[in-house]
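Contents: one structure, followed by commentary.
So that you can tell them apart, the chains are marked A, B and C in the order they are listed, and the count of residues begins at 1 in each.
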Amino acid sequence: MSRPAAIVFDQASIAYGRVPALEQVHGTVRRGEIVALVGPNGAGKSTLIKALLGLVPVASGSITVLGQAPAQARRLVAYVPQADTLDPDFPISVAQVVLMGRYRRIGWLRPPGRADRDAAAEALAAVGLAHRAADRFGTLSGGQRQRVLLARAIAAQPEALLLDEPFNGVDAVSQEALLDTIKTLAAGGAAVVVSTHDLGLAQLTCDGICLLNRHQFGFGPPADVLTPDLLRAAYGGAALELGDRGLIVARS
Amino acid sequence: MILLTSLGDGYVRRALLEVVIVGVLCGAVGVHVVLRRLSFLTTALTHATFPGVVIATLLGLGLVLGAGVFGVLLVAVVAALTGPRGAEHGRETTSVTAVVLSGGFALGMALMSTQEGFSRDLTAFLVGSVLTVQPSDLVVSAVTAAVVLGMLAALRKELHLAAFDPDALAAAGYPARRLDLVLLLALEATVVTSLPAVGTIMAVALIVGPAATARLWCSRTSTMTAVAIGVGVASGVIGLAVSEQWNVAAGGAIVLSVAAFFMTSLVLRSLPWGELAVAVVGRRKSAGRPTYSG
Amino acid sequence: MIDILVTPFDRPYMTRALVEALLLGALCGAVGVYVLLRRLAFLTDAVTHTVFPGVVVGFLVSGRSGIVPGALVCAVAAAALFTAIAATRRVNEDATLAVLLTAFFAVGVILISRQHSYTADLTAFLFGHVLTIDTTDIVVTAAVTVLAGLVLLGLGKELLLRAFDPEWARATGYRITALDLVSNMLIALVVVASVQAVGTVLVIAMLVVPAAAARLLSERLGVIVAVAVLVGMVGAWLGLATSYEASVGHDLRLAAGATIVLVLVAFYALVTLGQATRRLVRR
């Protein structure tokens, strides 16, 4: 018995103006699955996540998120950006950041209520940072900030979770906490899409892999996609042959 | 064209010479202002030199001297407040710039309000009065222009590196902060020099406008500088001609010429071409931030 | 000492000036925090300058009563224009602001340069005249203050989200351009309300300086807003009292608007100095 599909790519191509950025993505992410987007720098991983959020239009083919067009599904989807794009001097507390995850549910003009604060506190506890709630966001380490952003996404109680390079420059403790939380969320029935450079991590923790470099090289279980042939094709010069012992991918 | 027929008058000839010198200077310096996104700082410098002018008038010194000395002081204050660890203490460049801007201007106004009778001079200073430029002003402009342009030419490659990638500059062992300071002083000198022509409030247009126009058309700094200088000089001359023709404030007319060049270029370049969309996408990733560190 | 702070305001014109200045102090303090968070100081500066031609045209058409409508039209147009420019992302935004602000200002200068009372009028527009404020002006300022309060309370959380993480706001389905239009309009209204009292150029100080000082004192947003409002109001009071005391008691005429700003800047300087010495002592 297979679980219901959450995200469906149907020969989707994405372009900026007339310049194609990513072509022919085809595959399905089911509820409860974690799928990694892997590929070298500039492969189009961030572009695909933006397309899933409806921030860049699909040029041909289609992307369906929870049965709707991406822009219509935004309320059911939560996004975790890279923490280092945010201003560390901004005078905002960790609790306030997490509470932002509730804003769409609260709606315009209304202040956050008891239930929203509780949900935010619970989400912060889930990433193991309940004790830092009152601290300023900028005083946290990079890994802790990333966890706070994940907590913000969880507070929105999403049915699909999108993460853009959450493990970049993150300490071991934070990486462990991030992975645990993501797995818990997936076990609860959410579909998770995470872009990453870390092939090893993707192989160990994900149910599916989408291998990209300007177009799709493979989409399926890790064992089927992370093969020397496909990796060599996707990574080109960045793939290093190690004789008969296999192949490693140098981080570009 | 009344400008041509009135060229026989000494004051019109001097005005024309002045706008040409200022146009060249502002165009060249403006390139760095635009590349480093220092427009707001430039605005602040133009406003905050105002008290220098008032003090100079009170003491009976030259306006340009007063503005110049005060300008150097301001550069020092901004540099000290936004030093390497300024942001950690809640002082980021924009707010410091705004505080210095308004503080300087308020000081000038308070000083001015204590006096009576010289508001005429100061108004000229606020909005410019190119038609009353004296031969001595011309000499000051010419000397400043020569020094600043020489400096820009000599430090050409270092300044370009500083604008493009300040971290690489520091990593290569250059004294990055001192270089920033030199650029700020050159900027201040330019502001002070262009005061007689367009006044404190509008000098920023003459500095930023031509370079911003050039930025829309050029991708190399050398051509950008040439175009900026051309636009700067052309705006000055056209503005002067308009002012003579219809008897309106020369400073205002010059600024509107600059704005006309810029807006026309902007509209022409905004026509939806694919290549622009690519450029926009590329730019989003490298978050635009002021590269001023001193 | 208390006398200096209280007695001047027995006079009706000083009472009006005080009410206006206190309202502005509170209004600018609160809105200024948002200006600070979004780093909109330059945009605010641009709006203050673009209001100038509106002020001039309004004055030419129907005298003093035309100033606020004229400024309002220009400010709203400018706010919309700046929002559109920011939304296109095609150009170097701050360079565009610099050119536009000076261009608008130049239109004002050209219009006014055709007048006989050129200098006197220009000075009044640039520097404001809080001491000759009338009840209508106070009503306008009070209305803007109430409106700003409603907007900040109602849309506070959305504006905070937009300031902190615009990409995420867009990803969750908020329209950034719409939010920016609201905040830019708000800034434009504050500028219009302040023009009569402190003039076009010093509005920026009323907006930025209290918020910047409050940011130095606290890292908590709620505290920053409260402190900024307080600093704005106290600065307005002290500034007016100082200006009055200097001109009546010591025969030294100090422009009221400029004195308010100088008091605010002095406070900012004191806080900066205090923190610097504290760090030195700790070391």
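Just so we're on the same page, a residue touches a chain if its C-beta (ideal position, glycine included) is under 8 Å from a C-beta of that chain, and two chains touch if they have at least 3 such contacts.
Predicted model, so just to flag it, every value in this text is computed and none were measured.
In terms of CA centroid distance, which chain is the most far removed from chain C?
Computed centres place A farthest from chain C.
Highest contact-pair count belongs to which two chains?
B-C
Roughly how far is chain A from chain C, going centre to centre by Cα mean, in whole Å?
42
Can you compute the centre-to-centre distance for chain B and chain C, using the mean CA position of each chain? Integer Å is fine.
Distance between chain centres: 24 Å.
Whole-Å distance, chain A centre to chain B centre, using C-alpha means?
Chain centroid spacing, chain A to chain B, equals 45 Å.
Can you tell me which residues of chain C touch two or more of the remaining chains?
Residues 215, 219 of chain C touch two or more partner chains.
Which residues belonging to chain A are in contact with no fewer than two other chains?
In chain A, 85, 91 touch at least two other chains.
Could you say which residues in chain B touch two or more other chains, in rising order?
Expected reply: 90, 92, 276.
Over in the complex, which chain B residues touch chain C? Could you list them?
Within the complex, chain B contacts chain C at residues 33-34, 37, 39-40, 42-43, 47, 81, 89-92, 94-99, 101-103, 105-107, 109-110, 112-114, 119-120, 123, 126-127, 201-202, 204-205, 208-209, 211-212, 215-216, 248-249, 251-253, 255-256, 258-259, 262-263, 266, 269-270, 276, 280, 283-284, 288.
Given the complex with chain C, which residues does chain A contribute to the contact?
That would be residues 53, 55, 71, 74-75, 77-79, 81, 85-87, 90-93, 96-97, 100, 103-104, 106, 108-109, 111-112, 136, 156 of chain A.
Under the stated contact criterion, what part of chain C meets chain B in this complex?
36, 39, 41-42, 44-45, 49, 88-92, 94-103, 105-107, 109-110, 113-114, 118-120, 122-123, 126-127, 201-202, 204-205, 208-209, 211-212, 215-216, 219, 252-255, 257-259, 261-262, 265, 268, 272, 275
Over in the complex, which chain C residues touch chain A? Could you list them?
Per the touch definition, chain C meets chain A at residues 37, 154-155, 157-158, 160-161, 163-165, 167-168, 170-173, 215, 218-221, 224.
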